[in-house]
Each structure stands twice: as C-alpha cells, then as structure tokens.
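By written order: A, B, C and D. Residues from 1 in each chain.
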Amino acid sequence: MSTLHTEEMTLNMGPQHPSTHGVLRFVIRADGEVMREAIPDVGYLHRSIEKIAEKVGYHGFMPYTDRVDYVCAMFTNQGWGMACEKLAKIEVPRRGEYCRVIAAEFNRIASHLLAVGTMGMDIGAFTPFVHALREREMINDLIEELCGARLTFNYMRIGGVAWDLPPGWREKALAYLDHFDPILDEFNSLISFNKIFVERLANIGVIPAEEAINYNLVGPNLRGSGVKWDIRKDLPYSVYPDFDFDVPIGQGQWGVVGDSMDRYMVRILEMKESVKILCQALTRIPSGPVLAKVVRNFKPPAGECQIRVESARGDMGWYVVSDGTGYPWRVHVRTGSFAAMGLIQKLSRGLMIADLVALIASLDVIAPEIDR
Amino acid sequence: MGAAAQYFENIRDTVRTVFEGMAVTASHFVRKPYTVQYPDRMPVRVQDTLPFRYRGILEVDLEICTGCLACERACPIDCIVIACEKDSATKILTIAQFDIDIAKCMFCGLCSEPCPTGSIHHTSEFEGADFSLESLIRRFVREPVAAYKPKKGPETDPRIAPILSRGMRYVNEFAAPGSDKPAEAKTA
Amino acid sequence: MEPLKIYERVKERFGERVLEIADKKPDPFCVIDPKSIVEVCQFLHDDPETSIDALSNESGVDYEDRIEVVYHLFSYRHRHTAVLKVKLPRENPSVATLENIWKSANWMEREIFDLVGVNFEGHSDLRRILMPEDWEGHPLRKDFVEPLEYHGISTVRESPIIRLDAGKK
Amino acid sequence: MQQLIEYVIASGMLGKNPPYQIVAAVVVLLASAFVVLVVALPFAGIVTWVERRVWARIQSRIGPNRVGPQGFLQWLADGIKLICKEDIVPTDADPHLFKLAPYLVMLAWILPWAVMPFSSALILADLNVGILYMTAVTAVTVVGILMAGWSSNDKWSLIGGIRSAAQIISYEIPAGLSIFPVVMMTGTLSMERIIKAQGWTPQHWFLFANPFCFIAAGILFVSALAEGNRTPFDLPEAESELVAGFATEYSGMRYSLFFMAEWGNLFIIGAIIATLFLGGWQAPRVSADPVVMNILQLIVFNAKVLFLVFLSMWIRGTLPRIRIDQLVTVCWKYLVPIAFANLIGTAVWVALWPEGNSVMGYLMVALGAALVVLFMRRVIYYLRRARMELYFRPNI
C-alpha cells in the first residue's frame, strides 16, 4: 500500500489558533491525520526586549522583564535583580530574599496551574481549565495585595523588593495554602488519573534523558525525562538552602519515562513542593529591611555576568554585559520555552495533529518567552 | 494472557476514573459559584474592594508637588511631561504643565516611588476606556501654580495637611532602603 | 572544577589557538580562535574530566569594533560552567556551527544570525527566526537604524503631548 | 393517531361523513407540524441554555442569567443574532453542496420525531418498524456533515468531515447490536409494543431485566453519544484542534442549523434509550380518564428523557476528548465484541426464562441502588474535603 503516493497536505496551524499558546505558527506537512513534520514559525510576539534594555536604564528595565514571561513574571524580576546585584556586588537583606522566594513560589504555583489547566483544555476537557484558573485567581488576588498588580508585578527591585508584606497578608496566604491541597487532589481525581486523559498523553512525545540535555531542555520538561536537576537544589541561590523540599522527576508510571504524561505529573508534584516551601518560608520569615541601599542612577562596574534562575518553565539564563554607564551594554535572556521549541520539529514526525496540540501543551511553551 | 488481562483492566480503569470524575463534578453542582457579576450586580463598587497598593490610573495632587521632576526621570517610557520655570526674581518655582499619557503608561509604579511627598500616586481606578487618544492624556495643571515647598516640621496649612498625610502614607508603604527599622512597623 | 582550571586544560591542549584567558571578576572567560572553536568544544564535550554536555546559553554581542559570540557551557555531571568567547570582524562575521555537538545550538545560532548578523557555516537551516523573512538589517547591532515604515505600516508614533517649554530643556 | 382521527370525524365538525383519507392526511400533517414547531425547535434552543447553565455550575460559574428571567431567553437571542448574521459562502467552495448540507443534517434530526412515543395516544405514526426507522434515519447526518466538510474547501473542515464520517458509521454497529437484545426480548420492533412490554416500576424495565441488558444500555448510551458528536467523542468539531471542524466556514443561519441539530439530537438519544430500557411512558394507573393518563404518561416520558439529556451534559463537563485512532479502537475492539456477547447472553436468557425473571429484576434494581449510594458517598467525600461554601438554589 505504501507505493500509493497520496498527495501530501500542507496545513497552516496558527498564529491565531485556539491551542497554540499565544501567537505561534506551525506549517504542518500532514498525510491525512498523521503528520510528516510540523515546522514552527515564531517571532510574532518579538518586541526585542533586549534592545529596549539598552535604551532604558537598569531600574527602568525591571517592568520590561515582566513582559518577557508574563505568566510567571516574578522569576524574570528575580533574574534581572540577581544579575544586577552580581554585577555590582549588592547583598540583599534576608527578609528581602524571603519576600522574593514567597512571591516567586506563589507565582510558580499560578504558572503551573495555568499550564496544567490549558493542557486539560487542549485535550478537550474545559472544566479542569476553569477550576485551575479559579485557584490561580485567588493567588493573583494575594499577589495583587502584595504588589499592586496581577500579572506584570514589577515587585522586585535591584537590591531587594519594593514592598514589604502588608499586615495580615501572612495569615491570608497560610489560609490559602491549606485550602489548596485538597483542591489539587480533587483536580487530580477529576482529570490527571482519567483514563482518556492518560491515554491521550502517555507515550506521546517521548524525550530520552540525554536527548533532553543535548537539546538543553530545562525545568519540568527536563525533570519529566528523569534528569534530577533543579537549580534551586543543585546550584543554590537566594535563601533556598534554608528550605527542605524534594525535586519530583518523571518515573514513567503510565508510559515511558519522558513522555507528555510525565511532564504533566512533574508539574502537579512541583505544585505540592512549592506549597511546602511557602509554608516554611511564611512561618520562618525574619524581620528587618527588605531593600538594600541602592543609589537612584545605578551604574554597575564594567564587566559581564550570567546568572540562572529556576523559573516555572525551567532555568532562565540572564547574561548581562555592562560598560560602566547607566545603561546596560547587552542583555540576553535564554528561556526554557525557546529550547523546548527547538525540539518540537523533531518530535512531531509521525504524531497525529491532536498529539501535536498535546505536545505543545506538555512542553508548556508560551509565545512571549520564545520571541522576547 | 497478558493482553486479555490488559483488556479488562482498561475497561475497569475507564469505568473507575469516569466514576471518580463524575463524582467530582457532581460535588460542584452544590457549590457556590465564584463569579463576581461586575459591573452591575455588585454589592459594593469594585474600585473600593481593591487593595491599598493597587496600581490603577495615576493621579497627581498638585498642592504637594515640589516640581523635582524625579517621576519624569524615573518613567522608562517618558510618558510624564512636566514644564516648570523658576522665576529668578521671586525664586518661586511655578509648574506650567504636568501631563501624563495614560495610553502609554504601563502602570509599573516606578514614578510614584521616588516622589518625596507622594503627590503622584496610583488610584484604584482602572476604567480608563476612552473615545480618542488625545482624551487619554491626563492634564493636571489648569493654570500655572506655585510648587509646594516642604516645611521642616509638621505641615501647618489645614488645606494641605490631609493631602500631605495621605501622600506620605502612600510613600511610606514602599520599603525604605537599608533602614534597620522593619518597614512593616511604620505602616501598621 | 573551577572555570580557570578548565581554561588551563584547554590552553595546554590547544596552545596558541587559545588567544586569551581573562580572569575578570564576576565571570572569568576564555577567548578562542574562531577557526578552532569546533575542536575545542568537541574536546570539552568528550573529555571525561570536563564532560560539558549542555550548551546552556549562546549570545552575540556587538562591541563597536568587533562582534563577539559568547558560549556559556555547562556540565550536569560535574556542575561546573565555562565561558568561551570568539571575536569576529564586523563586516561579515562568520564562525563554524556547534550544531553537531549540541543540538540546542541550532535555534540559538539562528537567533544570533537573525539579530546580530553572524553567519554560521554548516548550519542545517540558517534563516531568520524572530524577524520577518524580508527584514533588512540586524536589530541588535549598535549601528542599526530602524526603518520608518515596514510594508506601509509606520513604526513611529510621536508622543501626542506637546511640551510647553520645548526650547529650554 | 387513529384515535385522534376517529375523534375528529366523530365530532362532526367537518359535516356528515367527510372523505376519510383527506381528513387523516390533514390531521397527520397538522400534528407533525405542531410537534416539529412547538416541541422540537424550541427544545433544541432551550437545551442550549440549560447546557450552558449546567456546565457553568460544574465550573463554579453562573452561566447566562441576563437575557430574560435567569437568562431563559438567551437561546432566542442567540438564534436571532445568528439569523441576522451574514451567510458567507466561501468563494471557491462548492455552493450547491455547501447550501444543502445543513438541511440534510436538520432532516436527519426532524424525521425521528414521527416515531417518538410521547404517550399511549400521542404518537405521530406508530410504525411497526419504529426502532429500525429511527436508527436508519439518524444515519443521514453523516451525509450532511461529510458534504459540509468537503464542500467548504477548507482543509480543516475536510478533516472534521472525514473524522465524523468514520465516527458515526463505525458507531452505528454497536448501537444497532445493543438494540437487538430488547427486540429479542419483546419480539417486536414497534416502539409502542416495546413500552407496553415493560411495567412502570423499575424492576419491570428492560434495563434491570438481566445483566446483559444493563451493559447493552451502557453501550447504547456511549455509542449514541458518539453518533451525536458529544463529548468524549466530539472530534468533528474539536475546538482545540480543528477550530470548529466541519462547521468552520459556516456562518449565520446555516451555522445555527448545524448546532440546532446537534443539540436537538440529545432529545433523540434520550428518547431511544428511555423507550428501550427505561420503560418509556409507563405510568401507574392513577385514574380511568384517558386524558389524565396521557398527560401523566407524557410527564413520565419527558422526565426520563430530560434526565438522560442532563446526563450527557454532565458528561460533557467532565470528560476530555478521545483521539481518532482511539475512537475507532474503542468501537471495534471494545464495544462491538461486548455487544455481541450481550446478544448471545440475552438469547440464552430468553431461552431460559421467556417471560423474564422477576428475581433478577429485584437483584438488578438492588445493584443499581448500591451503585447510586456508592456514588453519593464519593460526592459527599469530595464536598467535605473541599470545604467550600455550599449553595443549593439553581438560580443566582
């Protein structure tokens, strides 16, 4: 039968498509339902944030870092703050570090909730998406009370955080955390263990460990392939050594290690770990200042440095070159989604169109991070 | 035999997980919906329910603006335009123009941070939709007014005192850099 | 293993092709001759002592007189990082691709080609990734002037506020 | 229907003895027009409003509550909006097929109403091949959807159309096979006599007649969901993959015809299963007066059908979507073999107990009750764990 050469169909999926998270486009060469190859075409959301960094000074660039990854903006803030602190050797007070970790871990839960919810919606179940966003809404309210914004926080400054925890906020946060655990278990029994859901995700888009490292996959995508690697644990920064939490990796209970189901389950388990960190951080937060003394027109000494932050989408590398003036010479951000996108073309050979949608959702790629 | 066992296990799995899923959704039938019926069926106006630090549309109290242009320098998008002249004879600084282009503003809060008296601050107003771009430019100066001179001791003028205290409350909300006193103590 | 020790190993292995080892404060780096970047990286990748198995970050930086491609290498086994640099002329900078050693270089090099204009010989499909295909010029170069309009769409919007004391400031 | 015609002739409204044929034809025409216009079309609209409300409560939302009391006129507003919208026919689409497709799908939804047994007297045409007619007619939707998919000259709708062809045709087999046990037990295809063979109390329903019928009812419900393009089988218009599947290029009135047919099909699914397995309009003999009895039977039938419609909405709020190859595997590897097993099982059963065995009826009812109790326990477990505020009233 294979001699019968059927005409190959070229499909254009995106950039306006319900399941490409943000503006992504795939040119799919498909033979009926099965895809020969899906060639990604990115750049629709390219705002050249790295060029803007050269125009606005160090302090002015902080709100732009929220726009690099608006789903988990705390990590980009933290990355930019740490890069400038490393350049100018500023030491952040302990309470400031604790505030950063609390805000970041809340944002990780919110980002994972969105990732897990949209994966449910891409597989066809709309209810888990709304349940996940309902929980994320409460986290957004908590962060809104902390720093005044729901998505583009601009909460951190070079040298610490802009606002301290408002009075009464700690109790609200702790109340939310112990309300969150049963909701997560309920979410699991609704969708994660659902046979149809598992059948749609197990053994799809399998990425073996060394290929994941070779393609420089990071974060939940890497841990889903069984590599036990988390920057918070292995290259400790900020106050993460104070907390004990473990790093969930994909075991392949439902299929092969490294398939979409593993990446999904790693995100679910990571939310549980973040709740653990938050409980410890909120109870053990020391008193004291939250912002180091940083002069208004910040001029770090000439030099370059790269720091890595464990964002919700994996370790995000901030490479900053400064030439001593008030404006950075070059800023380069290497994000998790960018690396994951490079892999989709090879992974998509032989998959069905419905699986490509599941694969994109399992890699949790979003357009602003890819295009910057 | 593995295949047959797998066959029946698949069926059992499907039935069990669908049963669980239906139980979860059934429990949702009797739960209270979360929808906030903005804009009309609200017990209280949404703007009042927002937290104190909410970064809505900018507002400037010209009575306590010292004309120091710190906010204009701090804004990364340059959407704040202030024009003020220093009258060489009388040494009075008059503010002739204070415009903020709300269309370009990204509500990042960098301008309200360096303000010494908290005159430029974020309100909890967010309904900024308008019919033309020009009307999105908020002009705060009707006629040129003298800039405020911060006094050493507490403010005496009864008209300005409440505005200044509200402004200072807003500024003290920001974390004071490097001071050993925990910022939290001040705002309580 | 400390970055400087890695650079020493590379120096004694490759001799004069390692142009400079700079012990700058936050991150020391080592400048390599553009022609032998592939052998150095292959050596670092295969040598069990360093066993660099991931190209963590690759960026193109435009210094007015030269263009540098900076490679941040990382080893998951030994948990150490190494920073290699390659200095290229500004006219038509070109260097060999590292795609055959680390697959992650594929997209990063396409981005550098698109934004900074470095040509990577031997790259599997070197085309613009972020900018539109028919865009002229490379935005992240210091001397890049943004065209006033692209396909009839103006890229400039003057601020509608008229500054009263325009003259004085 | 015959009683109705004699009643009209006997009442002498039309003179001494009017020609029987003409009066019968007029009465049938008027009755069927009445059923389609007053029952079918409004039902298809109202069910969209009910589904959005049910879906909303599952997702802790409120659903439409602004147009009319509690949003009841939402479907009317949607209908009018869709009618006012522009009917776009894509340039190089095949206009004749493109325009014909929605009417074929509507046809396949309207025709089964002729055989719908609302109550003992209220049935348009009591064919003695009732069930066969119904399954045959609902298969016409495939032609309509395939025509829509192919003629809109858009790759996405082509995939949607072919997916739905594969789905509906392959699920005809398990649906047909799970109807045979009931036909075997009653020996007739007519809907009336199938219902008359069942009592009004649960143990006389065919659902609880024997374990094989219980599983056959499950298979019929699942394959009816697949034929109606309902979740978890809504592949033809899978929002997240094919944008809107076969209906991507449609707009305005044609689009609303497609979706009116899809939601209207819910009633057909409910009616088939209610007649075959839940005892149709069988109601307790409350009073001798036939009019009161008919009304009671009408209420009982509609209650059963609406519960099944609610069940399919509830499933749509819970389950994700199946992939096309899994869809076909489920059909051929799971549903069809089990349907055949049921067929043989029922055959053996009928051979052993020709008039049905009441002990097994009670046993099965007990089993059903146990299942419901277990389910309620799980619901209470989730409610207690979530510690959320409860709210029982349906209106907000």
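Quick note on the criterion: a contact is a pair of C-beta atoms (placed from the backbone, for glycine too) under 8 Å apart; a residue touches a chain by one contact, two chains touch by 3 or more.
As the structure is a prediction and not an experimental result, all values here were calculated from the model.
When chain centres are taken as C-alpha averages, the shortest distance to the whole-protein C-alpha average belongs to A.
No other pair of chains has as many C-beta pairs in contact as A-B. Taking each chain's centre as the average of its CA atoms, subunit B and subunit C sit 39 Å apart.
Averaged C-alpha coordinates give centres for subunit B and subunit D that are 53 Å from one another. With centres set at the average Cα position, the gap from subunit C to subunit D is 63 Å. Between the Cα centres of subunit A and subunit D there is a gap of 44 Å. Those residues of subunit A in touch with two or more other chains are numbered 127, 134, 186, 189-191, 194, 196. Counting only residues that touch two or more partner chains, subunit B has 10, 18, 20-21, 23-25, 34.
Each of the following residues of subunit D touches two or more other chains: 58-61, 317-319, 382, 386.
Annotation, chain-chain contacts: A-B, A-C, A-D, B-C, B-D (touch as defined at the top).
Subunit A contributes residues 42-43, 46, 48, 50-51, 86-87, 210-211, 213-216, 227, 229, 234-235, 301, 303-306, 308, 315, 317, 319, 321, 329-330, 332, 334, 338-339, 341-343, 371-372 to its touches with subunit C in the complex.
Subunit C makes touch with subunit A in their complex at residues 24-27, 29, 53-59, 61-62, 70, 72, 76, 79, 81, 83, 102-104, 106-108, 111, 115, 128-132, 139-140.
Residues of subunit D touching subunit B in their complex: 56-62, 314-315, 317-319, 333-334, 375, 378-383, 386, 388-392, 396. Put simply, subunit D touches subunit A in their complex at residues 55, 58-61, 155-156, 159, 163, 231-232, 234, 238-241, 243, 317-326, 382, 385-387.
Here subunit A touches subunit B in the complex through residues 56-57, 59-64, 93, 95-96, 127, 134, 137, 144-149, 152, 154, 159-167, 186, 189-191, 193-196, 287-294, 296, going by the rule given at the top.
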